[in-house]
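Several structures are given next for inspection.
Okay, so chain A shows up in both of these, paired with chain B first and chain C after.
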Partner chain A sequence: MGGAALARTRRGAPAGGGAVRTASSRYRWGSVAPVIVLVALFTLFPLAYAAWTSVRGVLLTQPGSTPFVGLDNYADVVRGSAFRGAAENSLLFTAVSVPLVTVLGLAVALLLNQHLPGVGALRVLVLLPWSIPLVSAGIMWRLLLHGNFGALNGALLQLGIIDHDVPWLSSPRLAMFSVIAAHLWREFPLPAVLFLAGLQTIPASVLDAARVDGAGTWQRFRFVILPLLKAPLLIVLVYETMISIAVFDLVYVLTGGGPGTATTLISWLAYVITFRFLNLGQGAALSFLISLAILALISLYIRIVRVEGERP
Partner chain B sequence: MAASRPGSGLASDPGGPSMRTGGRRRATRRLSVLALVALVLVLVASCSPPRELSGGGGKNTLQFSVWSYSLETINDNIAKFEAANAGTDVQLSDYPWNDYHDVMATKFTGGSPPDVEYSSDHWLQEWVSAGWIAPIEEQCAGVGQYKSEWAPYATQGMTYNGKLYGLPYYADLVILIYNDKMLRQAGFNQPPQTWEELTRQAQAIKQKGIAKYPVNIPLKKDDPWSIEIFYSLVYSLGGHMFDGETPVFARPGSEAGRALQWLVDARDRYQVMDPASVEVSEPDVVKTMGAGKHAFTVLAKYNLAELNQGNHSQKGNFKMALMPGSSHGTVGFVRFYALSSAAAKAGKDRAAQSCKLLNYFGGKTDGTYKVVKRWAVEKGLGFANLPLYDDPQVQQAINSWGDAKLERQQAQLARSKEGLTRFWGTWDISAREQISAAVSGQVGVQQALTSMEKRWAELR
Partner chain C sequence: MKSRRALRRALLAVAGFALAAFILAPFLWALSASLQTESALFKRPPDWIPRPFTVANYNYVLTGKVPAAYEQRGLLRSPITQEARLLPWGLQNSLLVALGVVTLNLVLGTLASYTFARERFRGGRLALLFVLGSRLLVPVAVAIPIYMILQRLGLLDTKLALVLVHGAFTLPFTIWVLTLFFQAIPREVEEAAMIDGCSRFSALRRVVLPLAAPGLAAVGSFSFLFSYNEFLFALLTTSTVRSKTIPVMISAISVNPDASYTLISVGIIMAIIAPIAVALVFRRYIVSGLISSLGERT
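For the complex of A and B:
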């Protein structure tokens, strides 16, 4: 159909064109049907199937038997010995990594927003960690932090800063902070870019006016820049919280949740229950609980950080 | 659209509204048909069988899944099998050992099982209970004749409810490996007889600056070896993990408690075991042992061949010793070739071809265990096929990197893993986690053992 015909269809038919309107409606439905089919097939159906799975006893090692168990899977997961530790680890991970990645991203954005020589190249380079696949990043960090042949220990030993290998990944406490460090390195570019975009929309005249009114650097940041960055801040907080709770790849490659259960995050536990214990029912139940937790946190953020609709 | 093909229905606005309406209707229908076709294609693609027995050119294609080890040897064996069985192609898929169980579980339940695959004694009951693998004596005529030539622990490891489920790929022992040169430098002429003596020797090696951490044992919780190593330590002390299906490892004063305490003390109290032991797997330890960073380790025996023959700076300095401890016991295990239930049920042709593959790799060809012998001679893999011990070529190969006499002695003291049930594989994951937690100081020894016992009760 030519462009002219489409344009006429959108504008509507002349009086008495009920048949045309029906055809137009069918055309619209026909146009979006493939997308609806794909979304139904690859999003709605898996979601519904996961919900169905979460209320049934589905053990891969007992095929053919999937009895309805109601909310037992949810209760068993929460009562399970691993849940509490994993939830605490995830809380710690999220509580530390989200503020840090936000502050780091903002600091980098403020730096990149300066008119400094070479800042153009820096803006490209800062995206580098984000462009590296997460699994590759995990392997890189593992080689860096390995207790036997890690590059970091090698460098620190040669510089005389340490006299014995530091167990970055084999000490329960250090392992968690090693995972957080790797996560920060991988994640900060996105907040930096979002904040940079926000900073560049702030009119120079607003900052100049604040300067004329006697506002210092901190006051300009606190009372002018930060309020105008609420929208990207909300996006960063929501996104980074979701990522922190759902982070899996890095743990898989870097520590496997260990040593012991020291870096077993809630998302890793969902993987273990599903793919190692082969308990799909409990794995689906835990995944739904994780989704609910993320939704609750997002709602909380939206209440706390109210985005102003219009600029002053 | 400026022009239209005859009968295409996508006319270029030739007239009034009714004609346009008809065009739109046809377009709508066409889009709907396209969407339907796309959906059908997706469904057909996702539901179509993953492979066909009859491949292109009239050849049969068998799927063979293995864990990643010495793939060049496997491929060469496959080429020889294909040459001897014209009309049969073998498609090999390999997966890392650490992920093998999970990948195979997904393949079996996802409807794309291979025909023949590696399996292990500790997965047998789970795989049989799930209906993933089939008893082979009913499918593959003549394999029962081999049983009388296997070591008992290997036969036991491949048998469930009186039925045989595999032919041995290899069967081996967990042993103590030490660097003889480092021991001599420290003034010791003999390997340790007990774990306490091992600690003293390690302390001496450390004090003399020969190695900072003389002991390294792979205890990474993701490495399935770590549970077999732990069992071996318990057995070496004369202990048990289970009495039938009842856990005994958490009882006060148990050998399991002593073994775990020794690991904790070696790492933290005496500082002779590498703190990184909880983050290393078998290949890491082979590399660091080979580089001379450590003097002692506990590994599967075939690693001794790699250490003494591979490209390592300490090549030739490694020896095996009986496991230290009062009983010198250890774990004997068997990895085997299994036949998928899907292949067994897929008709006589596929089952027969799969049996041929199974028999070529795990049985006799021209009267000898060709492939099993090749693994033993070239790679130092252990075997359950006892007649091979009398083969001069095998004896010579073992003595070039190990000690055939000592190996036989250790084999006689070996036991299969206790507590093998259909949920052992799941319990094993939690048990390894607790062992790692105790050794890294995250929890106490008794707390770890109690958690392991609790997990067993949950699964039971």
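For the complex of A and C:
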């Protein structure tokens, strides 16, 4: 991972000879201070404030009263009627979308690594879903999946695959998978680009040697290519897990958490508690629980990948 | 053997077409929908190529000329169509904010990363870790406190507020990438310049920056795209056309049950042109920036 590279270069870069003046301490701090002030203002203070809020009863509907309630907000939010459903939804969403995004990204990378006419154009196209605002991606998918005039139903009817409109977004079961489909479309480019870069660093001679030794396509993939993609794989798993737990914009425009609570993911619930119910204390508590879950999952991945091979 | 290879090529070609269709279908349908009349959009089977082909929706957003197809329901539509007319201002706000964020990243990010890459100083490592670690925050958690800070500073509903918030959220990644880029530049290059009498700052400006240009292009693109696409903070801190960005505007139009889907499609197309242009023009730098953010030298 990057941290190792950074540490390595730091150690490997001794002060370069007596001729070089090191910059003055004023320059050093002057050059980093603006960034530190800006980042601290919008992260440290908000974080401390959110921590304070999470142990107080803060309801915008009852201004002027913020009693200390200890961990009650945490307990209440977990015991609340919506939490269980949202946690399950997020678990399902993450458990389906992270592997799908990873596998699709890897498959696309393998395809883009072939020498075929048109691959250059595909490499350009692949960045497009990733580059646009998430809300516009969500709205585009709503145009596709709309139950009454969506393009997907139109195409399926035209091809005779279905004989009546499918309620992609208004059936509780289908809505979740519609959100996952839109998320997949939006998220696969980044893994594809990272895996493709990894593939391009594998020397052809290594693959040729494996072929000479009698390794088939699958064996070459499993035992030569995959181990060499461990670094991007870890990054992709960590990043995509964070993204799928934090997914928000997409739900906002695609389903609004519905129908009912069918697509109420955990971060959407945090938004609803904070900004619709105006219960800032519980909202902050839930946000911290989400952060904890993300950190736990990340450390789990890092452990798994470390155990798999001696170096990530 | 030969036929197996032919089969393989055929399968790969099919996969390539499927991928292109998967990527492009949502874009093409939004484009097609934006060029249809509203009644045509509800037709079954749909006209994949708009028929009648009309630019009336764009015309309406840009000039205010009400499309003929709306006249019958004009009164009903007026609230939503008013909103659609603001899209050009939203686009302008988005571009100004994003360019502000790019500038902030290039100036402050470069200064700080160069110091982090080259200088060892007390607290420096801690400062770097702090800046990078701040990226782990869940935005919803800090949204309310950030709102309160902006309120205290009197910056609610301003573009400057968005520049600052987006700046704080993009700078960590910028510094991460640029620090690695600067470390990849041999010290000897600037040492030579400094022996020739350049100060630390002018060595940075005259020697190092030109060498780090690909990295600057990459972080510039990332911060543009992040800021242009950011939704939650833009949604919370903006309230009028003075600072509303285009994602906020199209999401508002799109969740309006009274919305005309043709106008929503116009909004989508207007919103995606700039980021697509950036992604295409800076693709090489974006890709190499992503890769070097993994810490691998390219």
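By definition in this document, the second predicted complex is superposed on the first by the 281 of 312 C-alpha atoms of A that agree within 3 Å, B and C clash if a C-alpha of one lies under 4 Å from a C-alpha of the other, contacts with A are read in each partner's own complex, and residues count from 1 in each chain.
The working rule: a residue touches a chain if its C-beta (ideal position, glycine included) is under 8 Å from a C-beta of that chain, and two chains touch if they have at least 3 such contacts.
If you're wondering where the values come from, they're calculated on a predicted model, not measured in any experiment.
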First (chain B), second (chain C), both or neither touched by A:Arg276: first
Which of chain B and chain C A:Gln219 touches, first, second, both or neither: neither
Chain B versus chain C as contact partner of A:Gly256, first or second or both or neither: both
When both partners are placed on the shared chain, which of chain B and chain C touches more of chain A: C
Partner chain(s) touched by A:Pro167 [first = chain B, second = chain C, both, neither]: first
Partner chain in contact with A:Leu41 - chain B first, chain C second, else both or neither: both
Touched partner set for A:Leu128, first chain B, second chain C, both or neither: second
Chain B versus chain C as contact partner of A:Gln62, first or second or both or neither: first
Touching partner for A:Gly147 - first (chain B), second (chain C), both, neither: first
Chain B versus chain C as contact partner of A:Tyr27, first or second or both or neither: both
Intersection of the chain A residues that touch chain B with those that touch chain C: 1-2, 4-5, 9, 13, 17, 19-20, 23, 27, 29, 31, 34, 41, 146, 148-149, 256, 275
Contact set on chain A toward chain C in their complex: 1-6, 9-10, 13, 16-17, 19-23, 25, 27-29, 31-32, 34-36, 38-47, 49-50, 53, 108, 111, 114, 116, 118-119, 121-122, 124-137, 139-144, 146, 148-149, 151, 154-155, 157-158, 185, 190, 193-194, 197, 201, 231-232, 235, 246, 248-249, 252-253, 256, 267, 270-271, 274-275, 280, 283-284, 287-288, 290-291, 294-295
Chain A residues touching chain B - in the complex, by the definition given at the top: 1-2, 4-5, 8-9, 13-14, 17, 19-20, 23-24, 26-27, 29-31, 33-34, 37, 41, 60-64, 80-81, 146-149, 164-165, 167, 169-172, 255-262, 272, 275-278
Of all residues in chain C, those that touch chain A in their complex: 9, 12-13, 15-16, 19-20, 22-27, 29-30, 33, 41-42, 44-46, 108-109, 111-112, 114-116, 118-121, 124, 127, 130-131, 134, 136-146, 148-149, 164-165, 167-169, 171-172, 175-176, 179-180, 183, 187-188, 191, 194-195, 200-201, 225, 228-229, 231-232, 236, 246-247, 250-251, 254-255, 261, 264-265, 267-268, 271-272, 275-276, 278-280, 283, 286-287, 290-291, 293-297
Chain A partner contacts - residues on chain B that touch it in the complex: 1-2, 10, 12-13, 17-18, 20-21, 23-25, 27-29, 31-32, 34-35, 38-39, 42, 101-102, 105-106, 108-109, 126, 129-131, 212, 216, 220-222, 274-280, 284, 287-288, 293, 422-423, 426, 429, 433-434, 436-443, 451, 454-455, 458
